[in-house]
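Following: one structure in structure tokens, then a few remarks.
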Amino acid sequence: MSGEAPILSVQDISKDFVVNRRVLHAVRRVSLTVPAGRTVGLVGESGSGKSTVGRLAIGLLPATGGRSVFQGHDLSQMSARAMRPLRHAMQIIFQDPQASLSPRMTVGAAVYDAMAIHRLGTPKERWSRVEMLWERVGLPSSIGTAYPFELSGGQLQRVGIARSLAVNPALVVCDEPVSALDVSIQLQIIQLLKTLQDDLGLSYLFISHNLAVVEYLSDTVVVIYLGEVVETAPVEALFRRPSHPYTRLLIDSILRVPAPGAPLQPLTAPVGEMPSPFAPPVGCAFHSRCPLAVDRCSQEVPTLRAIDPEHWVKCHLAD
Amino acid sequence: MGVFRYILKRLVSILGTISAVLALSFILMHYAPGSFFSSANLASAMGTLRMENAHLYASYMQMFRDRYGLNLPLWRQVLEYVWHSLSFNFGNSFENPSVPIMEQLRTAFPISAGLALGSIVLALMVGFPLGVVAALRRNTWVDSVLTTLSMAGQALPSFVLAVILVLVFGVWMPGLVPVNGWGTPANVVLPIVCLAAGNVGVVTRYMRGSLIESLRQDYIRTAEAKGVPYRSVVWRHAVRNSLTALVTVIGPSFAFTVVSTVWVENIFSIPGLGTLLSGAFVDDDIPLAITSVFLLCLMVMGMNLLVDLSYALMNPRVRLE
Amino acid sequence: MMVPAMGAAAAGRAASARTSAARRAWARYRANPLAVVGLVWVLVFFLLGIIGPWVAPHGYAQTNYLMANHPPTWAYPMGTDSLGHDMFSEILFSIRFALEIAIFASLAAFAVGTVLGLWAGLQGGWVDASLMRIVDFFFAFPAYFLDLILVTKFGRGMGPIIFALAVTGWAGYARLIRGLVLGMRDGEMVEAARALGASPLHVAARYLFPNVVSNMLIALAFGIPGDLTVQAALSVVGMGLNPPLPSFGNMIAAAGGNILGYPWLLYWPAGIFAVTLLSFLFVADGLQEALNPKGGY
Amino acid sequence: MADPPLLTIDALHTYFRRGTETIYAVNGVSFTVLPGEAVGVVGESGSGKSVTMLSLLGLVRGRVTVRVAQAQFKSWDLTRLSRRQLEDVRGRDIGVVFQDPMTSLNPVMRVGDQVMEAMLAHQYAPPQAAFRRTLDLFREVGIPDGAARFRAYPHEFSGGMRQRIMLAVAIACEPELLIADEPTTALDVTVQMQILSVLQALRSRRRMSVVMITHDFGVATNFCDRILVLYAGRVVESAAVTDFLARPAHPYTRGLKGSILEIGSRGRSLTPIAGSPPTLTAPPTACTFAPRCPFAVPQCAEELPQLRTLSAGHQVACHRAEEVLDHVG
């Protein structure tokens, strides 16, 4: 990881929201680096702030603190207008492609519009590129005249991917792109994302709650809990030796299909629920649910420290 | 936030709005051609009185000058006017200077307020069940008839309906109910029907729509899955939820009822605020005109407050703010 | 980027998709018989408004005292009023004036409301806050009373009435479009467009506007009969269009007083006016169903 | 296993009228549920898995036609029950938990009342007893401080807590059959584990049968005794979990199992099933999976495969099941 130039470098980024006059620390000093051509997986439960990190990373939301540097541009120092010409290089695909497309625009026009915004090519060239993109993402060319509500979830996600590809991005933030899809369709989309990365050299910031998908696609994994990074490591290291109790909890909560003859997984309830982000626990944010917690955990905030080169854990007890 | 603080807050905001209304009206009237609000115009308007009774004329002139502060700069006049009005000191009317406006309003206001409230109660009592029936029988002929009728009720302004009723009960079948005047219970029938018709249409249509929407919700299926009898599913779960939706859209229509009262009173010759108001506008009796507008606006705002309060009380998710 | 020939074909397809969306909306509209009947009458009403002044047998101010309060005859097919005006001609002119007032007032209010509402919704902050304060004021102060005061001040001609209706009408449109824009502004569709690099203007023109335009048209369709109503209602308290300019409000109000003696004075004005309002509402309702098949009630 | 089945369904068909089209959602589904058994009904969206269970209970919306040859629950023939009688069975003898806990509870009714209502509707307990029992139920499904939470509204709870409330509603009258329609799909994995463990405890404590509708094979295999795979409104395979794991006999089952992405899949090449499931606008006359099937032969495009028994407790609807079983992979 260290050998490649990072395309995206998020440094100590934070985001506070004010909700009903209460401050919500949605993201707290998160750092991550996406090397060119690689995938960083961002994992957490709903409400962990992972989607907010994705938006902060590409400057769709202004950060409260810290900065995000994309291809050498410090986005936190740039106005929305100044960022616009950069946008073709950093794209995002959403969990619900239906909501991200205009219901009054054919999907062909939606992809066309992406190019029109950046004045890429002549109108004729744009339309022919739309045709080419349909093929690229595995859709029939007749799809262009359809409206979003006429398509299935899998087709819509392909449209979303085609639209982000239309402007030749270098980085794509994938915000739960397969969560709403059926398993067989999920696999098709994952395969497509993988092929596109190999062919086009894309970098991904892949946000998901699904550890298996993240493991499959990512080179590096960042685990986030209550807006904080609790563990980050290269993908093999993280799954070989998950070192934060929360990472272990996430992995243990996954129900696997047992191998023939193997025993079933015990259904044992993990302790507690994610606390309200308005009132995170004092000390280690995870101590209220941690099976290993000691007194120190409820008093002292752990620091993110390396237990191996490139394997960082935010836990007093990790070795 | 508690209910009382909420009400207090709303009352303060009503006070602000009504002051703005008064100030705006006063300024507009001040610059109107033939404005009452200048000593010269006042003097010429009371020319006849001067010739008949110079002493009375002088005392009236002084009274109006004092009341409206006509010798003061305009901004002081506005403040004086707003302040007097807010303390329900409306002074005397111009057409009938010996009688304080309050005296005229004391009988007129309850009539109009009663008509408006009565018609709303009637509209709710009729429209609510009709809406429920239309929703439960949706896409049947019952639904089509009710929907069409309620659209007709909504489309026809009360004054058109009023003249049609006068035609029917005055010309075609006279003697059934009085089409004119005030004083007996029978006099109330046609005006209230006229006023209620539009709101019956509105309540029926919105109730139908929001009940159909409620019946589609997941929690209705949960209630059915529990084995709650369908009647209870409809009444305890669906209707309860659609009422909160109904209340959010019904406010403007109920407020509009106050305006309709003005029209209906005029057509049925009912001595309420509306008749007073139209007389005042036609006769350029500006103090009386603005005062009646002021009271009618108060009625509208009170109505809106009631609607908002009932919404907040019905919906546990709303914190009063 | 290559093969330009394919591009033209695709462009053609995109255009045909747009017309097919319109065709589907029209099919839904046609399926509603009341809306179709309403539309027919509204079109007839507009036609009469256009040709009325030319085909009217008498002028609107032309009186014939000898024939005052006369029941219908061949020369006066709808009778005459107390001044001997030909009711048929009066009605034809009334349609013209009513339409002029309602359409100009509605369009003015619509234009002002749309611009201000879009601005408030997109800009947010103090612009939004102060604009909504003003809008709240207009909702708390019933438009009709303000109309009365304005007409008292500026007179009872066509111009002043149009002005009064426009002054009190814009707030509703502004609030509607502001709400719609606000609902979409922070949604994923706009976020996606911004992520593509679209400028605020591009977002407004290509994403927000196409998604609010049908709601705005529906509001306008409800607004026109609303203005017809208020305009006539001014006559009820004696503050309507200045005679001798004829208006439905004046005719209905006048007939209301004479109803026992001369009921024919009421039949046509009240009948046509009622049918017209109902037709406009059916059209508006039909549009609502045709353009927003899922939303609203 | 000598007990007679609790629920026996034979040849269930459900059709929807949508606009001018008819959607054939369920096309002859047959299965049984034994007392105490947990049956997993798996399939992709549109496979008819929810519609199958909900149409038995009269809970399907829209213009819907349900035809069934036999629907026996305990001693009742569900097809012959009046609406009133069916309402009585629902909630008392058959409980239902739905997918989305955020929308499945009435937002303007206190959660305690929503649990009590289930008991009061069936005269299961008088109000006082129902109130006490509601508190017990809250404890049983893991809602702390039940007495204080009784008067709270749904929006004051997290998604996981709301699903626990839904569970309390569903089991309030101690039903013998619980239908769980994707009960954990909308929840995080840690919360899913909590809900499933509550469900499993309830099941073993009460010897309650559970029909678990899910698209998640991990949930189905770890929770259930038997698995029913649905495709395009038909049962394509029915097997005990051991058979399902060791000898899947339908190409679709195999395809789905191959589509599961689990930790450890990294570096493996993916083999998604090509194409997408059909929406049936006509009743199926041939194998609906044939167009996507690597084993398809001309017979598959002509003849509708019937559910046939391969071995005890293992049924499959495929002309080529034997070849599929012989195929290693």
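We call the chains A, B, C and D, going by the order they appear; numbering starts again at 1 in every chain.
In this section, a residue touches a chain if its C-beta (ideal position, glycine included) is under 8 Å from a C-beta of that chain, and two chains touch if they have at least 3 such contacts.
These numbers were taken from a predicted model, which means no experiment stands behind them.
Undergrad: Tell me the fewest steps from subunit A to subunit B, where a step is a jump to a chain it touches.
TA: The distance in steps between these two chains is 2.
Undergrad: Pick out whichever of the two, B-D or B-C, is joined by more C-beta pairs in contact.
TA: By the number of C-beta pairs in contact, the winner is B-C.
Undergrad: Of all chains present, which has the mean Cα position farthest from that of subunit A?
TA: Computed centres place B farthest from subunit A.
Undergrad: What whole-Å value do you get for the distance between subunit B and subunit C if each is reduced to the mean of its CA atoms?
TA: 23
Undergrad: Distance from the CA centroid of subunit B to that of subunit D, rounded to the nearest Å?
TA: Whole-Å distance between the two chain centres: 55.
Undergrad: What's the distance between the Cα centroids of subunit A and subunit C, rounded to whole Å?
TA: Centres of subunit A and subunit C (C-alpha means) sit 49 Å apart.
Undergrad: Just how far, in Å, is the C-alpha centre of subunit D from the one of subunit C?
TA: For subunit C versus subunit D, the centre distance works out to 53 Å.
Undergrad: Would you pick out the residues of subunit D that each touch at least 2 other chains?
TA: In subunit D, no residue touches two or more other chains.
Undergrad: What positions in subunit A touch 2 or more of the other chains?
TA: Touching at least two other chains: none.
Undergrad: Give me the residue numbers in subunit B that touch at least two other chains, ranges are fine.
TA: Where subunit B is concerned, no single residue meets two or more other chains.
Undergrad: Counting only chain pairs that touch, give me the topology of the graph as line, ring, star, complete or other.
TA: Shape = ring; chains linked end to end, path closes on itself.
Undergrad: Which chain pairs here would you call touching?
TA: Touch list across chains, by label: A-C, A-D, B-C, B-D.
Undergrad: For the complex, give me every residue of subunit D touching subunit A.
TA: 44-45, 142, 158-161, 188-194, 196-198, 200, 215-219, 221-223, 242, 245-246, 255-257, 259-266, 270-273, 276
Undergrad: Which residues of subunit C touch subunit A in their complex?
TA: Answer in residue numbers: 1-4, 6-8, 10-11, 13-14, 16-18, 21, 187-189, 191-199, 202, 206-207, 210-211.
Undergrad: Mind listing the subunit A positions that touch subunit D in their complex?
TA: Touch residues, subunit A against subunit D: 45-46, 152, 154, 182-188, 190-191, 194, 209-213, 215-216, 235, 239, 249-251, 253-261, 264-265, 267-270, 273-274.
Undergrad: Inside the complex, what are the residues of subunit D that reach subunit B?
TA: Per the touch definition, subunit D meets subunit B at residues 57-59, 61, 83-84, 87-92, 95-96, 98, 100, 103-109, 114, 117-118, 121-122, 153, 155, 166, 169-170.
Undergrad: Show me the residue ranges of subunit B that touch subunit D in the complex, using the header's touch definition.
TA: 216-219, 221-230, 232, 236-237, 240-241, 244, 314-317
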